[in-house]
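The structure that follows is given in the form of structure tokens.
When the chains are written out, they are named A, B, C and D in that same order, and each has its own residue count from 1.
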Amino acid sequence: MAFRTRVPVRFGDVDHAGIVFYPHFFIYFHEAFEQFFGDANIAYHSLVGERRIGFPTVHIETDFQQPLRYGNSLDIELSVPRIGRRSATFRYTCYRHRDGVRACVAEITCACINMDSFQSFEIPEDLRTLFERFAT
Amino acid sequence: MAFRTRVPVRFGDVDHAGIVFYPHFFIYFHEAFEQFFGDANIAYHSLVGERRIGFPTVHIETDFQQPLRYGNSLDIELSVPRIGRRSATFRYTCYRHRDGVRACVAEITCACINMDSFQSFEIPEDLRTLFERFAT
Amino acid sequence: MAFRTRVPVRFGDVDHAGIVFYPHFFIYFHEAFEQFFGDANIAYHSLVGERRIGFPTVHIETDFQQPLRYGNSLDIELSVPRIGRRSATFRYTCYRHRDGVRACVAEITCACINMDSFQSFEIPEDLRTLFERFAT
Amino acid sequence: MAFRTRVPVRFGDVDHAGIVFYPHFFIYFHEAFEQFFGDANIAYHSLVGERRIGFPTVHIETDFQQPLRYGNSLDIELSVPRIGRRSATFRYTCYRHRDGVRACVAEITCACINMDSFQSFEIPEDLRTLFERFAT
């Protein structure tokens, strides 16, 4: 199962070539990531601010297949292909809204860390359960 | 006297209209602001991180006169038209590099605050002296 | 009457001081601006891309009253205090969601331009009608 | 041989966790990429704007090893591990300035495209020669 959300391309997200400047895709993915937690009633800002749990990115693989432009929206499917003890990999499969053309696929591996020590630790049970619901 | 610096327009700074998306001008101004301190051997990150002094923006007036494009650079003149007890106003007069066309003028008023309490306090003497060197 | 929308503070919008880096407010305002048109069934990207009409910012006045943090959302009220022949001023009054504390007020004047010539021209009738619905 | 440049972490580049929000690394890489061309007297904006040649990103692999903070600078080494007919892979090895701790390594594959047709075509000879100077 995948978590689905939609993110619009915003006016300032394009570059001199008129297409989405690719670093913005990672901002879109993070928005999807935050909504993924929010949808499970876990406010990401509380996770970070109160429980002091963070998920910094340690590895990325991304294929960009189709450029997007201002006026497009991105349909993002978020799933969890790998759940380790102290890290997990999140897959973002992105389609251009309306015509469904695949724009990109990214696999982003995040460590589970304590925000005070910046040391990794075991993914807490409630988060593991959430990730497993979206395992592929 | 004005502090002078140059900032390039970067690839991702433009918008769908092909001109610098105006929020980026404020990022350029902040870069100039950081360099203004750095040039006086005051590392802005130490000011914030160690001395716990911050200058959040409380008021802005800006006139945009000429759009800029990717490939342009911005010559910024930073001066200090008003130095109050707990705040100061910084003026950024910006010219397009090479032809000297004026692109924009901004007056940005910043409070001097303690970064822990977020309360304003009197501008420390060394910073006041710096600001006075660039008073207009 | 004001157009109302809500924009969340995103993870990467804060600065080293832990508060929203103020250039991001202008990005939020532009999102509200785009939604303002969209709500009237005028897709802003078509306005720019097909009708070749743009609204570059020529003047800004902004008061920042309260810093926002990650986890906050911004309730934005957009109204149109001044409608000229070739320009209009849009007011963004922003409240922190939930407690309603006023975070900032911005008046942003935009010229109405032809996107090909970058020359200003008279605001088209349908847009003038839209702006008048939200005049204050 | 590698092309070397330095990029400072800017005030607004950090996230709620106080470290560089990772999409900004790709902005840093693009700055290095533009300087890489500029250093060879090829203005990237002319390449795109006049010669109508672009290098959109088609594949990314990145390892993040050490978080960076505001106040840090990034020493970037850019080399070209793979030069194909219509694409090339650029490697960015990044060190934290002063202590030389490795922060991240990214391999970014870009297609060589015509900016009008968005079709790939053979890398022009002068650019191939440049890339070969930095082949690894």
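One rule holds in what follows: contacts are C-beta pairs under 8 Å (C-beta built on N, C-alpha and C of every residue); 3 or more make two chains touch, one makes a residue touch a chain.
Quantities reported herein were computed from a predicted structural model and do not represent experimental measurements.
Averaging C-alpha coordinates per chain and comparing to chain D, the farthest chain turns out to be C.
Residues touching across the chain B and chain C pair largely coincide in numbering: over half of the numbers involved belong to both copies. Chain A and chain B have Cα centroids lying 34 Å from one another. We define each chain's centre as the mean of its Cα atoms; on that basis chain B and chain C are separated by 23 Å. One simple way to say how far apart two chains are is to compare their mean CA positions; for chain B and chain D this gives 28 Å. Within chain C, contacts with two or more other chains are made by residues 11-12, 16, 21, 23-24, 27, 30, 45, 48-49, 70. Of all residues in chain D, those touching chain C in their complex are 11-12, 14-16, 18, 21, 23-24, 70. Only residues 16-17, 19, 21-24, 26-27, 30, 45, 48-49, 54, 56-65, 67, 115, 118 of chain B touch chain C when the two sit together in their complex.
On the side of chain B, the complex with chain D involves touching residues 10-12, 27, 30-31, 34, 43-46, 48-49, 70-71.
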